[in-house]
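Structures are listed in the sections that come next.
One chain, subunit A, links the two complexes that follow: it is found with subunit B in the first and with subunit C in the second.
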Partner chain A sequence: MSVTATPLDRRPGATAAVRASAPRRRRRAGLVPTAVLLLGAAYCLLPVAWVLVASTKSSRELFSTFTFLPGTGLADNLSALSAYRDGVYWRWMLNSLFYAGFGALLSTAVSAISGYALAKYRFRGREAIFNVLLTGVLMPPVILAIPQYLLMAKAGLADSYLSVLLPSVLAPYGIYLARIYAAAAVPDEVVEAARVDGAREWRIFRTVALPVMLPGLVTVFLFQFVAIWNNFLLPFIMLGDDEKFPVTLGLFTLLQQGASAPALYTLVITGAMLAIMPLIALFLVIQRFWSLDLLSGAVKS
Partner chain B sequence: MPPSPTAARRTRRLAPYGFLVPAVVLFAATFALPIGYALYLSFRKIEVKGLGLGRGARGETWAGLSNYASVLSDTELLHGAARILGYGAIVVPVMLGLALLFALMLDARRTRLRGFSRLAIFLPYAVPGVVAALLWGFLYLPSLSPVHYALGALGLPEPDLLNGGALFGALANVAVWGGTGFNMIVIYTSLRAVPAEIYEAARIDGCSELQIALRVKIPTVAPALVLTFFFSMIATFQVFGEPMTLKGMTNSISTTWSPLMKVYQDAFVRGDLHSAAATSVVIAVVTLVLSFGFLRAANSRTRQEAS
Partner chain C sequence: MNKRLVAAFAAAALSTTLLAGCGSSDDGGDGDKAESGPVSLTYWAWAPGLDKVAAIWNAGPGKEAGITVTVKKQASGDDLVTKIITASKAHKAPDLVQAEFQALPTLVSNDVLADISGQAGDTKKDFAEGVWQQVTLGSDAVYAIPQDTGPLMFYYRQDLFTKYGLSVPTTWDEFAATARALKKKDPKKALTTFSATDPGLFAGLSQQAGAKWWTTGGDKWNVAIDDAASTKVADFWGGLVEEGAIDNQPMYTPAWNKALNTGTQIAWVSAVWAPGVLTTAAPDTKGKWAMAPLPQWTAGDQVTGSWGGSTTGVSNDSTHKDAAVEFATWLNTDPEAVAALVKNGGIYPAATAAQTGDALAQAPEFFANQPDFYTKAAEIAKTTAPGAWGPNVNVAYSAFKDAFGKAAQDKAGFGPALGTVQSTTVADMKKQGFPVAE
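This part shows the complex of A and B:
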């Protein structure tokens, strides 16, 4: 941090010299970052491009033609995947959508109301409650997974939709983000004015705070949606019946079977392609009106 | 009718507690209770009476520290921990190094196609770890990999990516691919929070863009780097889905490759819940001690530099 406050050199000659050499240097500097970033982009897009191409190949083409040469089997692969065990794949997709969509919705509601309470009220135990809730971020899921399963089993909930849904609802990071958004977006004067008008606390939250927190809450929702959609450990431990599997677990079991029956590989590849497309499409669409920066708690002033 | 002033004050005092009820109840049910239960289990064991036949022949009793003693002397677990250290030693520096590099490049003045690159590098965040492992797993297979294809075409020896030392690189690559984009966004956000005048001042002083990056920007984002390092470490200790997925493609990943896989194996395949609980408590404690130790060290260093 020592460089920030260096005194400016105001001699005219020095400034002119810097100015003269600057444009050339800058143009060169523009090439290097662009090239580095494009290399990074190529690396990140490689497997996605591959799965798009590979899903068009038939079983025979998969192992015989060049990696990035499109094949002729896309329609066959799609119908084979849909026919596999009476369309269980689409059931997995619906399950994933349910776990992630409904779970993220509940999660956002809990985060919103907790974040609002923590940001806009002064009360005894506020920081203690906040810190305890935040330790959830640090608690490794491993120590939770086994006892969660055993407790679910005792409650007769093992291998049920609820067993995957319930542990996904509390999102410490979501509460943290919601607290930041509430502190930044909800003006104290408006809350006070609503109180003077005789509005109840719950009504103030719903009609005053919630609407202005909404852009931030979209971020909490997306964050939690992705986290639940990508989760593997929890459903892997909780579920036994593959009718209730999310798509991650379904593809995993399909791949394990593929080790003994390579014909299933094309199904796995087509399934993987279809599984990643919804989220990629989602991010492509929403980035027009939603900034990635919000994910790390940046608040526009 | 509006509520009376005293009643209003009371509801106002109680309202935040009411608003926090859902979070606290969920915390108790899905965090606190399971952790307590895991601790309890880790001090219990199954005791077999007599020949172990008939009803009541198997009961639970207190085990003292015996589960912990056997966990800490378990060589397979130690090997797993060593494998994870090797794996983490690749993942964390490479991932954060790339994330920092890309963030700095995004922040550089004359960068083209910024929006495209940022989104493309971030995209793997939307791909589940299991699916990422699956996609890369296929790309590692000699009969599918473009790397093998290119090397073969050039007449060079083709590496076996799923065995020996290369396996660590192969697994690390999956994590690096999946995590770089998110960390890049965190670092980039903290870079942009720096007022532009600071850079202007450094430029007028004749600093090159490289000097600005090294001497102004990197110190500025140090807190973001500490945070991303912290979370990467926690994630590394718990790697599970990725090696589980690649296990289906190679014989060199055992069922106890990572400590977490061993916990799963103990609990659900061998049916020894008590030793699995003790192992998971040990993993959690080691994770927390290492990560908080790191945070403390990082904090005291920043304080020293500031003074």
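This part shows the complex of A and C:
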């Protein structure tokens, strides 16, 4: 935002004027960023608003009435979605919850332990391991999906719940975040003090480091949850059984029914609307942990 | 294409595919073990309601034969082809797969589909020659049983044609004249659109004009996507787009649905399955459409192309190929099965007997104003020119979307775009190790 403010100051003779009207300038400089942010918010929220409005429209209204005019078909859409192939949609939702919830939990645990170890222990090859992980951050998961599938197939795990769960457990980005966070938030002195008091390493991690790292771990959990919830290619390659599909894949089968069968737009839109609800709920609940973040920063110095 | 050639291509494709190194071949299914006891088969398919048809099998003929089929519903299209090829590399492909006609060479060259000529040779009599030819790839082998076809037809809004005093075009020249006449009477309307996102339709239109995109001669492939016939089709549609006589927006979008529903577009070149699409795309226009044969390049001709259509294939990984073929044959030729396919899946059956059978005795509900819909459709279906597909149709199709999409937006001619599709396709085949004649 400073970029937008700088040209103002560089105007010839601006300094005097600025000094005279300092409070006003601050307000004006605040207006531009606010406007930009509002625009950004509108840009991000408009599609969501579209999904919300469109999910209330019947298929007849969907493409014929004004875009943001709510329709009358929400109840019908919901019951049609629930009735589609004996409620397979809700099964997909449960699958997604399982993959994302369980996967994010496991991956947060792994990230916490590895991040803490990488930040607080000095051992040979530490930087090498960390660099490999950093490379993992740069590697798009998309290109790993097929090799992962071939490995899973070798292990006899293809087309199983584990095949989607296991690859999501190790999240390089999560470990990276956890390391950075542990390095900054867990003071070496406290760890040393605990050691002097005779605490075992596991206990130090559990009772000293973990509580301080919690806000960072919440972030890791959220990132992973959203990433797994939205993941498409991995389950697409891994799973053949539509009973094990997550909701992303399930909705895709409703869209791609072959040229001769039209896409079930109203069902897909209603399904997408319902599928973002858990994410919104999760963010609202977890927001409370984020404010902790500020507190812990204050305590530290 | 002879059998040895197919095998040679398969070998070439495999050796150049990096992934082949990862999959071991020691556990490859050698096919039919002695079949005793109950057999359970998995079937990857996308057609709606196939699970209901499989249920009929499981309760009746399947129960007697001890064969249970489970349908795992998938998303259609090229993505499924990729998925099946990947699964097959790991020897985990399902027993049965639904595959579009144009995907068959790709699946065969990747060694996914089994040759079922031993079990299904007799089924030939149930299908039109042009249809059957596409599942044999011109060889002695049989790689799939045809399920549905999509002969191209011309759909138009009967009421609006009367209102604007238009007559149904029987040649493409008349089609162009109709488009111009409509523009003159109401500049806001368009006869139809050229959709750069639907290569399947363009392929069908080229087929009608006599194009054969992939053929084999000697031990080489000939790729002729930019041959005279296809160029004629591309120039025809490109010209109409350029002069603004028709729209240039893609099909199957919300905007397109709206254009059909409100009568901004008053005709559609589509396949026999169009009524199902119109039912949801343009619900307000029920009973206002009519179907006619596709316009011809030469007056008096009777040729059409096809758009869509699929088959049931048996995979090399299946350990119960005999049982799988038994089910595939029943599914696509048994009157009860085909009737259920028509009712639940909305497909147009490939089996010739079914096209005039009881299942299609009544016109689709959306076309209740045209009671002889399916009688007419069966006549048109007989005139379908066979498709000529190659091992990388997916590459050609995505090149088409890129090149034609750009040309359509810019309202530039389609000739150069067609050349791009040709060169991209040939380059990809060479990269994959297929011998290509220039």
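Please note the rule applied: the second predicted complex is superposed on the first by the 240 of 301 C-alpha atoms of A that agree within 3 Å, B and C clash if a C-alpha of one lies under 4 Å from a C-alpha of the other, contacts with A are read in each partner's own complex, and residues count from 1 in each chain.
Please note the rule applied: a residue touches a chain if its C-beta (ideal position, glycine included) is under 8 Å from a C-beta of that chain, and two chains touch if they have at least 3 such contacts.
Only a predicted model underlies this, so the values are computations on that prediction, with no experimental measurement involved.
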Exercise for the section: In the overlay, answer first, second, both or neither for which of subunit B and subunit C A:237 touches. Expected result: both
Exercise for the section: Pick one for A:63: touches subunit B only (first), subunit C only (second), both, or neither. Expected result: both
Practice task
Kindly classify A:50 by the partners it touches after superposition: subunit B alone (first), subunit C alone (second), both, or neither?
Solution key: first
Exercise for the section: With the two complexes superposed on chain A, say which partner A:191 touches: subunit B (first), subunit C (second), both, or neither. Expected result: neither
Practice task
Determine, under the contact definition given at the top, whether A:170 touches first (subunit B), second (subunit C), both, or neither.
Solution key: first
Practice task
Using the superposition on chain A described above, determine whether A:146 touches subunit B (first), subunit C (second), both, or neither.
Solution key: both
Exercise for the section: Examine A:255 and indicate which partner it touches, taking first as subunit B and second as subunit C; both and neither are also allowed. Expected result: both
Exercise for the section: For A:213, select first, second, both or neither according to whether it touches subunit B, subunit C, the two together, or no partner. Expected result: neither
Practice task
State which residues of subunit A lie in both footprints, the one left by subunit B and the one left by subunit C.
Solution key: 62-63, 146-147, 150, 236-237, 249, 252, 255-256, 258-259, 265
Practice task
Name, in rising order, each residue of subunit A that touches subunit C in their complex.
Solution key: 59-60, 62-64, 85, 146-147, 149-150, 153-154, 158-159, 236-237, 240-242, 249, 252-253, 255-265
Problem - Contact footprint of subunit B on subunit A as seen in their complex - result: 1, 3-4, 6, 8-9, 14-15, 18, 22, 25-27, 29-30, 32-34, 36-38, 40-41, 43-48, 50-51, 54, 62-63, 66-68, 109-111, 113-114, 116-118, 121, 123, 126, 129, 132-133, 136, 138-148, 150-151, 166-167, 169-170, 175, 195, 198, 200-202, 205, 226, 229-233, 236-237, 248-249, 251-252, 255-256, 258-259, 265, 268-269, 272, 275-276, 279-280, 282-284, 287, 292-293, 295-298
Practice task
Using the touch definition up top, name the residues of subunit C that touch subunit A in the complex.
Solution key: 19, 22-23, 42, 44, 46-48, 51, 72-77, 79, 83, 86-87, 89-92, 94, 148, 150, 198, 200, 252, 254-255, 257-258, 261-262, 271, 273, 276-277, 279-281, 283-284, 307-308, 310, 345-348
Problem - Residue ranges of subunit B touching subunit A (in the complex, touch as defined) - result: 2-3, 8, 11-13, 15-20, 22-24, 26-27, 29-31, 33-35, 37-38, 41, 98, 101-102, 104-106, 108-114, 116-132, 134-136, 138-139, 143-146, 149, 177, 180-182, 185-186, 188-190, 192-193, 198, 201-209, 215-216, 219-220, 224, 234, 237-238, 240-241, 244-245, 248-249, 260, 263-264, 267-268, 273, 276-277, 280-281, 283-284, 287-288, 291, 305-306
